[in-house]
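Chain lettering (A, B, C and D) follows the sequence in which the chains are written, and residue indices restart at 1 in each chain.
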């Protein structure tokens, strides 16, 4: 279809896929700074979900903004309609009314709907000490959808069993969720290769779609847990030209979306480059 | 002593006695409109307790104001330093940090430290249905002091046993209170005749002082519960000339303090008179 | 509306006469405001006008709102911690109905009822607090106050259940069409009522563009995700106050007390003031001249 | 101070070097701010300068504040839900200390730790919520997460205990001398920390007369009854942000990450930046020119 773009990066592919999970009328939260997630929210807000409500830091119903590196927080908090501190936010949204979508990037995820942002290895003397869960335990359990995104789909990340369950979907099938007083909704993992979906406790993640240019074998070989692979796997819907244009021209003018996809060592230089452009835009 | 006034009303006597229970540094709340209590707070604030903090409706640390009938709420909320709604107020002050004094006027009180603002007679078909407790159950239990004030000291009000325990001091002696995690402090009843104090569960209210011109017998005859009467009962400290002057000139220019002491039938005419004066002051 | 429908709806503005879409006979209705302040009186009058019946009314600190609904025969059951006309005396219809044994009621202590509403908004079925130990509330409503032991300290606490009204009705200063609500003056627990109720109707003094709310977002107390319907109704709290906009109307309150003193004169009160349009009500209550006086009284207050 | 002393004290303004009066070796210290925002960095630097030891540090969403204190050897035990440098990478000292097994830590899920602080301010020994069922938090800290059954519905909930730090340190926009605190930008759970802690130190960008706070009381988030000491320290959150005043300093954060990467270069960071006066710190971090840039970046943000 001519409206689809052929010129997009793997990061843009993932970003657009996350944005598509956001529906108009959804409630979202911008918390810890994860550029790809922020970009996907703002893209959704300025395209197909103009009425969605997001909390940006302490700003309720913030205005959409072009993602920057130096000023994202100041921009995110601008023009809010109300103010909530973190305590009010968690009671109202995490535990009360309910957030719909809040994508989480974790160190590990497994086939049971668990994520790990805490430790790899021994808990008290780990090989890798991660940042910890923050709100993630509730995000993955309570929100309408559990959405994980992974820039590197591999067996170190998508593992048979996470080393520490920082968060878990807990109840997965819609019936079990409703029985536990939770809103029904699936678990989706969006990676640089594919989209995986889990909707039943007893069944493995289903390979919902592979991104253009990716084979089913690529996905299976790089996944550390069992997958349910249909006979005919769909191809993930490509970004549209309009989405890519809005992304690059308005929402993500400095290319922050690429950040998560970069090896750690390259990130500082990339960030410095962005800062330089931000200063230029400021007229300095 | 020449600084004491001989020209004061019974209402002013009670009002000044209540004000004297307020210490500088105390935390107070203006809730339901009880003119005598409001006047006593403001009198304390502009005389001996300038740093005390009060919540006036939703206004934290409100400025003192001259008590009026038409505008007390607007005046009380003026110039606050912060805003709390009622929910925030109850958690922060009633249940958290702790209010020191909040005088309560009730339908009945008894010798056990109980009050009744609910019903006289049968609960479901009462002779008198009162307004209900609002925050009073916590006021009398949790605050540093329990302070009751009574414009009419008689056996219908100060009864052997209240018909319904709307609130109770629960733990009375300082040891028992501290054991229960409550701040120590006495129960005081300030009436048109005397001041009564209870500091031990097992002992009756002590007749602490009688107002000038009142005899011990007046008090005992009009009290429906046992009193501990010392051999030598003190006289209640009279209002000072300065207190009366400030009361009449600044704090209570329209004489709202007399309101509680008036028979119900006389109140509407009195209120109308005050309103007339308020309109005149407004230049109408 | 579902939450999603609330977030999608960019124009929730309706007329006063539309509230019947959201409140039906037999509903449980939590009424906002506190003391003599900020009660949604225009909404209350509209309920009476509509002839609604068998409401299960819930109030924290009620006053003329509750008394009027009870007197008009709209209430089957009343949950309250306080119903008072304060300096004006005891609420005549409320007293009469209960003293005759004609009104079922649940008297709940003030903090417990607030905490019960709060629990719903926080998504918990109960909340603990240091309850009114030793009071008769515990004996009277053992189904509402339950003992719970702190699993850490062993202390005995009181648990109160989440309260879930069908509808909350609230009056506030201003809203945008999407239903973001600003409250400036005396704030009861209206936010907690809004979070607790399935359907939420807010009347406001003025509907303004969202940009006006953004000028001071610190005043916005109820976000649009909790609101179904917005009604512009100036002086919608009258004869109660809505500071800093206007004070309560003591002259009207005294008229009310006089006329509510007996059933037949209360019937006349309803006929003269309530069973007409809201515009006619405000005219009958003194019209523009009186309303301007109430605004002026609120504005020209002094501090010491 | 007792609450009464707090209410009496009309001038709580002190110097940065006075904080030793309220924080001692071995204290439990809750640190305000969240993410990379509003952390009380000048207070943190002063703690390091003073050579304090064996702190039991508590943070909800910590970042460079926690990493610096851990790297400087001030921390015996750490309670946290999150310690992250976000885009800059994992916090180097925090990682190193834990991966070497040198730091005792209590990892608590984010909502539980907030609710634990909140419980103290509400005067309850615990609060229930729908906890992180199925997670390893429950297995790891069974003393912190306890099962509690709702006495009304029978639902199983999680109880978390009231957390009671000795001291809370917070940075905010402005205060009056009596200690009323205004917070305008990103607000973590600083109010809950202030209510929970026995002693509370707040540094602010500016100390102003109370009348200035009265101009917009809706911004005043921590009343003076919760505050013991106020310190005027412009850019007291640097290199973190304090929007809308100034953004975080990404250039300094990258310097920090470089130098904190190894123990010896982190020692140099402390020598060059921290173990000097706060004025010298700000000069070393770029002085007025840099601070003005951070203000300008915060001011000139765009919306779409």
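Just so it is clear, contacts are C-beta pairs under 8 Å (C-beta built on N, C-alpha and C of every residue); 3 or more make two chains touch, one makes a residue touch a chain.
Please read all numbers here as calculations on a predicted model, not as lab measurements.
J.: Look at the interfaces B-D and A-D and say which one is made up of more C-beta pairs in contact.
T.: Pair with more contacting C-beta pairs, B-D versus A-D: A-D.
J.: So which chain is farthest from chain B, going by the mean of the CA atoms in each chain?
T.: Following the centroid criterion, the farthest chain would be A.
J.: Approximately how many whole Å separate the CA-defined centres of chain C and chain D?
T.: 39
J.: Just give me the whole-number Å value for how far the CA centre of chain B lies from that of chain C.
T.: 27
J.: What are the residue numbers in chain B that touch two or more other chains?
T.: Only 79, 83, 95 qualify.
J.: Would you give the residues of chain D that are in contact with at least 2 other chains, written as numbers and ranges?
T.: 122-124, 129-130, 155, 218, 221
J.: Chains as vertices, touching pairs as edges: which of line, ring, star, complete or other describes this one?
T.: other
J.: Every touching chain pair, please?
T.: A-C, A-D, B-C, B-D, C-D
J.: Mind pulling up the chain D residues that touch chain B in the complex?
T.: Residue positions touching the partner: 3-5, 7-8, 10, 121-124, 176, 180, 195, 210, 213-214, 217-218, 220-221, 223-226.
J.: Inside the complex, what are the residues of chain A that reach chain C?
T.: Touching chain C: residues 23-27, 51-53, 59-61, 79-83, 91-92, 95-98, 100 of chain A.
J.: Using the touch definition from the top, list the residues of chain B that touch chain C in their complex.
T.: Residues 31-35, 42, 46, 57-58, 63-66, 68-71, 73-75, 77-79, 83-87, 90, 94-95, 114, 118, 123-138, 141-142, 164-168, 170, 181, 250-251, 259, 264, 267-268, 271-272, 275, 278, 282, 284.
J.: Okay, in this complex, where on chain C does chain B touch?
T.: Chain C residues touching chain B: 34-37, 60-61, 80-84, 86-87, 89-91, 94-95, 98-101, 107, 109-111, 114-115, 118, 129-130, 132-137, 140, 155, 183, 185-192, 221, 241, 243-244, 247-248, 250-251, 254, 257-258, 293, 296-304.
J.: Chain D touches which residues of chain C in the complex?
T.: Residues 122-130, 146-148, 150-153, 155, 157, 159, 161-162, 216, 218-219.
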